[in-house]
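Would you mind keeping the following structure in view while I ask a few things?
When the chains are written out, they are named A, B, C and D in that same order, and each has its own residue count from 1.
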């Protein structure tokens, strides 16, 4: 199967982001871009985007980018930095890129921006592991 | 208002965790414990708990513990470590504790365990900032 | 060879911490405790302990704890949180403990405290990988 | 005083990196580049660059970049990812860049590369705080 098609099929089974309305925009080896509109359901008690909703978008892009290679890859650890609050109604774009892919480990970066303005909302970096190699 | 009551009112307005069925179990100054049952909607394409769902539970506990002091507190950065997969149907408990609270910054730890077995699912550590002091 | 003896021999070859005067206090499977006196040479331009000196002590404890098992283990990523400044002349104690050790990965926590007062200086958490299994 | 000159004076007082032979190559607002030759004294018991030595170079660049603005800035937390081992004799270059600088907080990235080959050795990201604003 063509790698992009394979990743698209994985995304079809990615229940949590699909439940939240995440869309897959683009995939390539070591790369993924996804989008999500922040709804009222995704806010916290400060009335800004909940850290968990922002993280979920970031983690979805990381998970697809790190599984665009042949072997199954799982996150060992992810660090997220919040740069600016997101507001209800904003459409957010997460773009994940590969820094390193060894046989068993990988390091991926993701940026989360507001669509249109390009305003940076969050940065995250994930360390992945391929358990089945 | 009594601090615990104040935090309970914040949780009433914590839209994203409430949307996901998170329950507030316990609050105290610098401390919060929350629970969530992992549903089929919260899985990833490996058929285990999505990193974003696990993180959301952790971040909810961190956000309540860090806002149990008087001033509004927001996360600057959070690191999560995934120790074991969570499965659909499991009830997860997140317990957040304060390591440090200065006038403007705070450091909080959270553990996520499976209820009953106490099996450790994830650990996270957050750095918070009080912007309005 | 007895595991503790093996770790002690590794520490004999741990050039950088030895160059900085780090002492090995205690080792056990998944556990290590080391000490270092912060010298004038280890300060930064704010006249407090340099982040790199504090980190080196933490990383030394993590490296010994994670290599107290049979297989060679290397750090993939470490996050350090600085809680309070350290001053020249203070003796610092770093204590590393294992959260998880699978066949190929491990998660370790370390605390750095001032000897005597027990004042917490820093916390760090490391994700390790065993490349040769 | 011209900002670059001010940062250069800070580096003159940066005892730990100077003790290790770190050189300041370039500074600008929100930016710093430093270099260090990895000596035999900076290895670990696997005979590769000690995590603490690599981190110290990264943290030095972060500290200078984050203190290139007017107000004193201190690290709250730093995450480092190790991508490839460094060997004795290699000259390493750390380049730090600003992602965000608010009145009180800042986020900075740093890459560590081998001079010449450009081979990526490590990545780190730091969250800083200005306590005196």
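The working rule: a contact is a pair of C-beta atoms (placed from the backbone, for glycine too) under 8 Å apart; a residue touches a chain by one contact, two chains touch by 3 or more.
None of these values were measured; they are calculated from a predicted model.
The set of chains in contact with chain B as well as chain D comprises A, C.
Set against the C-alpha centre of chain A, every other chain centre is closer than that of C.
Compared on C-beta pairs in contact, A-C and C-D come out with C-D as the pair having more. The centroid of the Cα atoms in chain C and the matching centroid in chain D are 20 Å apart.
Here the CA centre of chain A is 28 Å from the CA centre of chain D. Centres computed as Cα averages put chain A at a distance of 32 Å from chain C. Counting partner chains per residue, chain A has residues 76-77, 79, 81, 107, 127 touching two or more of them. Contacts from chain C toward chain B in the complex involve residues 79, 81, 83-84, 99-100, 107, 120, 123, 125, 127. On the side of chain C, the complex with chain D involves touching residues 10-17, 19, 40-47, 50-53, 55-60, 62-63, 67, 72, 74-82, 85.
Residues 76-77, 79, 104-105, 127, 129, 131 of chain D are the ones touching chain B in the complex.
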